[in-house]
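In what follows, subunit A forms one complex with subunit B and a second complex with subunit C.
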Partner chain A sequence: MIVNILVGIGIALFGFALQTSIGGINRKIVGRLQKRHGPRWYQEFIDIFKLLSKRGISHGWIYDFGVIMALGGIIATAMFMPLTVDIVAFKQFDNFFIFVYLLAVGMLGMAMSASGSGNPWASIGVMRALTTMLAYEVPFLIVALTIINVSDSSSLTAIQAFQQTAGNNWFIIALPLGGLVGVLSLMGMLGKKPFETYIAPAEIASGPMVEYGGKQLGMLFILHEISVFIEVSLFVHLFLGGASNIFIFLIKYFTVYTVVNLISNVNGRFKIDQVVKFFYKWPLLLAIIQAFIAIYLGWVI
Partner chain B sequence: MKSTKFTPVPLTKAETDKKWWEIGDFFRRNSLWLLMYCTGCCAIELPPAMTSAYDMERLGMGPMATPRQADILLVSGYLSLKTLRRLIYTYEQMSEPRYVVALGSCPINGGIYHDSHAVINQLDQYIPVDVYVAGCMPNTEAVMNGFVDLMDQIKHKRANGWKKYHENYSWYKANQITSLGEVDVHDEFHE
Partner chain C sequence: MANIEYLLLFLVGSAVISYFLTRLNSFIGSIFTIFATMFVFVSLAAYGFNMNLDTTVSLLPWFSFSQTYLGFFFVIIIAFIYLMVSFFHPYFLDKYPYKNSYNLLFLLSLAGIIGAFYTDHFLQLFFFFEMIIWTTMFLIPQGKSREAAVSYFGFSLTGSVALLIGIFVIYQNVGRFDIQAGLAGISGTTSVFVFVLFMIAALAKLGTFPLHIWLPLAHGNAPHPFSPVLSGALVKLGAFIGILALIKINPIGPVIGAIDLALGQYIIAFIGSLSIVFGTLMAIKEDDAKKLLAYSSMSHGGYILVAFSALNGFAFAGGLYHILAHALASAGAFMAIAAVARATGTTKMKELGGMIHKMPITYLAYLIAIISMAGIPPMGGFISKWLIFQAVIDRGMILIAVAVFFGSVGSFLYVFRPLAALFLGQEFREYKHVKEAPLLMLIPTFIIMGLNIYTGVIPKQIIDFINNIIGENTAFAPVVATTFTVTATYGTLNAGLIALIFGVGVAIAFIIFILMKKSRKVELMDTYTAANFVHDEHLLHYSVDFYAPLERMYEKQSHWMKKFYDALAHKVKEVGKLAKYLFMSNNIGVTLIWILVIIVLLIGVVAL
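This part shows the complex of A and B:
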């Protein structure tokens, strides 16, 4: 049991280090895209440690407690995440629904903390974040349920193993419409640019983060890195066949995050009603068609 | 014979704090986030500093949305009495350590607005300024050079404006009240 917990904390720390490095490399890639030199690859680490070294102020009990609760919730979620078929902290407990439920603890903790700061921009940002969540969760869940139906298991390791057995394709190929919905939902989850509505620095002054400074903002950055790790690994395991060893996982992870980031950087920003309308129009339609084709007609490539 | 055995010398609390502060200074000078308070024409020099021409992100700098998140308050241009009130509010909201960079000749001596009744002439009478970038308007190279100077000052522990503000708070406050009458910003919509 103690070994399992240590492995889980190791996975969370690994996820933090991985995502922070890849985030820095991606900032450099985006810099090159814009004909700039770009920052150093470890710039994100410097940013986080700088924020932790600054003097923060408190806006009250809810504000402080919410950040810690959100960070704890996200680390707890990351502890359950399998890295490969073999590296998983709690066997039997890597169910897809565990991530859906536990990820909400982090989001709601952040919402609570941001509302506790009392700034109206923070309330608007939280409202938009939850609305966006409601928008992308519905099509994503339909596709995920289709995958669970096809592979006959909701355990992430079993889903990976199903895709890796001979004769089965990765689900992004087996369910092409579902794969498209998966990419769109992933962009919504990561808050990448057409769906960046709840951060919107020029419009609502970075939304939920508006009153954060110093160590609380540092904790929010760590939370953000770990939640990106969870969401991207979830995509890798569900759609890209998981990984049989850690190097394949790293390659797939880097590819997914970079592609999503590149798509994000050539887009503008939607309004919040456009986000909801978009997700309830095309991805939802595609997801329902995909579920119908895969479950009732049994056409899986 | 001198022993080669390593004996750790116990540090006093002040020395330990100094060491931690030096480590913190490394992170702080390599990740300076700007809050741009652009009231005057010098703001036009900032887009080339941020985009591909001079690329301030390679120094780890970048614009931020709110005062709480920022490290540098970048004042570019003249300050009327009405904006000075907001500027003081913004400065006091920033989390410490905080630095002020004043761009152009208006915050130094009033610039071309030196005889206006509505504009203050010297910014450092009201809040402490760490780096001045002189010129009307300064070149983008000069702006970047100002940021590098600030990083150098942080490295050598000379960027102490925020400490000065604590030590001489009553002096700064008296100056603010003499010029502004009152520093409070009234909520014009709800009062």
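This part shows the complex of A and C:
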């Protein structure tokens, strides 16, 4: 058990290091896209460690407790995440719903802390984040339902193994409509344009993070990196056949994150009600159609 | 050995005693109520789990009792909620206009509950149901509004009448009032007819769409300590009737091939999913914390219906588990709101803020309750929702799944609102004097907190008991569970492991936090305001129309059902007016017409 927990902590740490590096590389890629040099690839590490070492402010115990609960929840979620079919901390307990709902503990902690800061801008940011969540989760969960129903398991390693079995395609090919919905939902989850309304960094000096600084902000940065790791890995395992070894995982991970980031950078931004309307129109419809033809008609490519 | 008959008589006796004691001194009367409820709960818990209660009847003629695992499951949950709530009575009773009768009615309604779940006779079931409705109907108007009680009674009456007709139809066909024999004895169209009637009763009691209007009215306006009972305990009567209809009667009808489910069950599941969606949307919009939780009860009622409609072992287990988890979660949340309302005198979210600094334990109780309510691990609600998800995926009920997932994510939105508006944010000046709830009120708060976590970490005992119910009432396969894990079609959930890992994660985060430089403490008003000087806390508290962009999208549609029932009520009133005009009018002309009609009739009869 101790070994498993250590493996889990290792995966969480690896996820943090991986996403922070790839995030840095992507800043450079986006920089080149915009004819800038872009920061060094390890700039994000510098930011985080600088923030952690600074002396910040605290708005009371819930402000601190929320941050701890949020980071704790996210670390716990990452500890369940399989990297490949073999590298997983808790075999057969890597249930899909854990990732959706344990992630929510982290989000709840962050929302609590932000609202506890007493700044109304933070509460507005939380409102937008939760509304966005209501938008992208439902189509995503319907596609996940289809995948679980087709592969006959809700364990992520089993879903990976199912796709790697000879004769089965990756689910992005086997369920093309569902794959499209998956990409859109992933962009919502990652808060990429056009669904980045709740952060909207260039427009308003607000959002959930408005009051943070110092170690609290540093911890929230770590939280953000690990949650991106969880979401992208989830996509890799559900739609791209997972990975049989760590290099394939790295390639797939890097590709997914970079592609999503590139799409994001040529888009504008939706208003919050447009986000909701969008997700409940096309992605939900496509997800339902996909579920119908895959489950009732059995048409899986 | 505890005897059910004696327990009932004990409750009726203590109800009368508590009436006089409360008249003397409301505190003493309430303490007596606590002990009476505790005695009943302990007797039930000590003997009931192994079906060791004595069911013989010697003093109450015409009554007969039998014990079932299913009945006991409901009785023990409801009796527990009654016990927990009774701890609140000493601090609330003095505010109510008819405080003498409060404890009396409270204990009598508990007697009704015990009778209803232990009887084996349909007419007695109806009698006890009416006893519960009539006692609680007089409890509700002690709160804010009489209208709420009328609405509660009206909808309950619809349910009761449907139940009574169903019972008579069964009697007509089987010739007996015995519950088990009656349910087993009907078939064909009769069973469809009884199924529909029983489901109307179940929907009305459970407060699900389309019979949900009473729920927010009654929950929102009931006395604060009674709302947890309404939501955590009494609506579960509907679930019980629902089980009788969906599982026991289970009429044979057309089967939907794609999902291998009877049409009747699918329609109920669909009504359940409508209930989930409506409840969630209305809860997101609501400004009164208690009404918000009432709408969430409506949505959870939908989950329970979906679970029992799916007709397999883990769906059934998930439904029962959800009844337990929701009873604990909603009781915990309502009790926390009650504690806040006692201290501040309001449950309106726009009037409250920053209570966390004064009432941290109440806040924690609310937090744990809503984590369970939203189905987030490591609380009980996660296990039950997980089981329900498995069933929905297994059946491939796609449209139902949309609602189920929508309700699940939507619940994050609405449970967060009271958390942010009541407890977090700016601390208002007018509530500076507020103190944490007294110790006696914190005892049940702690117990419920503990149980919310227990149900989410160690599912073994509960699942084992549910397996007894499955064996007793159905032919479904039992659910496999070890101390910490539950297994369903699509894998195994290790609840204990999730809790452990969550603990590890929080520990790591805490270490990071503690190792870094200590933060400087600043006031709540000392926030970034884009260079504006804001001196009023209220202006820095964002709580009105929290989800405004989302609410705007369905603002027009949200009044449809209320308008429908208003129109219906209007029509009923018009019929009533006509009847009044015809039969009870003071108008001399109408009387003359009636006299003429009678004379003509008499002449006609005589002439024939």
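The rule we apply is simple: the second predicted complex is superposed on the first by the 297 of 301 C-alpha atoms of A that agree within 3 Å, B and C clash if a C-alpha of one lies under 4 Å from a C-alpha of the other, contacts with A are read in each partner's own complex, and residues count from 1 in each chain.
Heads up, the rule we're going with is that contacts are C-beta pairs under 8 Å (C-beta built on N, C-alpha and C of every residue); 3 or more make two chains touch, one makes a residue touch a chain.
Predicted model only: the values in this text are computed from it and were never measured.
S.K.: Touch check for A:A243: first (subunit B), second (subunit C), both, or neither?
M.R.: neither
S.K.: Once chain A of both complexes is superposed, is A:I230 in touch with subunit B (first), subunit C (second), both, or neither?
M.R.: Neither subunit B nor subunit C is touched by A:I230.
S.K.: Tell me which partner touches more residues of subunit A in the superposed arrangement, subunit B or subunit C.
M.R.: Per-residue touch count on subunit A favours C.
S.K.: For A:M189, using the defined touch cut-off, is the partner it touches subunit B, subunit C, both, or neither? Pick first, second, both or neither.
M.R.: Neither: A:M189 stays clear of subunit B and subunit C.
S.K.: Examine A:I124 and indicate which partner it touches, taking first as subunit B and second as subunit C; both and neither are also allowed.
M.R.: A:I124: touches subunit C, not subunit B.
S.K.: Determine, under the contact definition given at the top, whether A:A174 touches first (subunit B), second (subunit C), both, or neither.
M.R.: Touch partners of A:A174: none, neither subunit B nor subunit C.
S.K.: Quick one: classify A:R36 as touching subunit B (first), subunit C (second), both or neither.
M.R.: first
S.K.: Counting only touches as set out at the top, which of subunit B and subunit C does A:V85 meet: first, second, both, neither?
M.R.: It touches nothing on subunit B or subunit C.
S.K.: Could you look at A:L18 and tell me whether it touches subunit B, subunit C, both or neither (first, second, both, neither)?
M.R.: It touches nothing on subunit B or subunit C.
S.K.: Considering only the touch criterion stated at the top, classify A:L102 as touching first (subunit B), second (subunit C), both, or neither.
M.R.: It touches subunit C, and subunit B stays clear.
S.K.: Based on the A-chain superposition described above, do subunit B and subunit C contact any of the same residues on subunit A, and if so which?
M.R.: 53-57, 205, 210-211, 214
S.K.: Where on subunit C is subunit A touching in the complex?
M.R.: Those residues of subunit C that touch subunit A are 258, 354, 356-357, 360, 363, 367, 371, 374-377, 382, 386, 389-390, 392-394, 396, 398-399, 401-402, 405-406, 409-410, 412-413, 416, 419-420, 424-426, 490-494, 497-498, 501-502, 504-510, 512-513, 516-522, 524-525, 527-530, 540-543, 546-547, 549-550, 552-553.
S.K.: Considering the complex alone, what residue numbers of subunit B touch subunit A?
M.R.: 23-24, 27-28, 30-31, 51-52, 55, 57-58, 60, 64-69, 71, 94-97
S.K.: Considering only the defined contacts, which subunit A positions touch subunit C in the complex?
M.R.: 5, 8-9, 12, 52-62, 64, 67-77, 79-80, 90, 92-93, 95, 97-98, 101-102, 104-105, 107-108, 111-112, 115-121, 123-124, 126-128, 130-131, 133-134, 137-138, 141-142, 145, 148-149, 152-155, 158, 205, 210-211, 214-216, 218-219, 222, 271-273, 276-277, 284, 288, 291-292, 295-296
S.K.: Show which residues of subunit A lie in contact with subunit B when the two form their complex.
M.R.: Per the touch definition, subunit A meets subunit B at residues 27, 31, 34-40, 43, 46-47, 49-50, 53-57, 201-202, 205-206, 209-214, 217.
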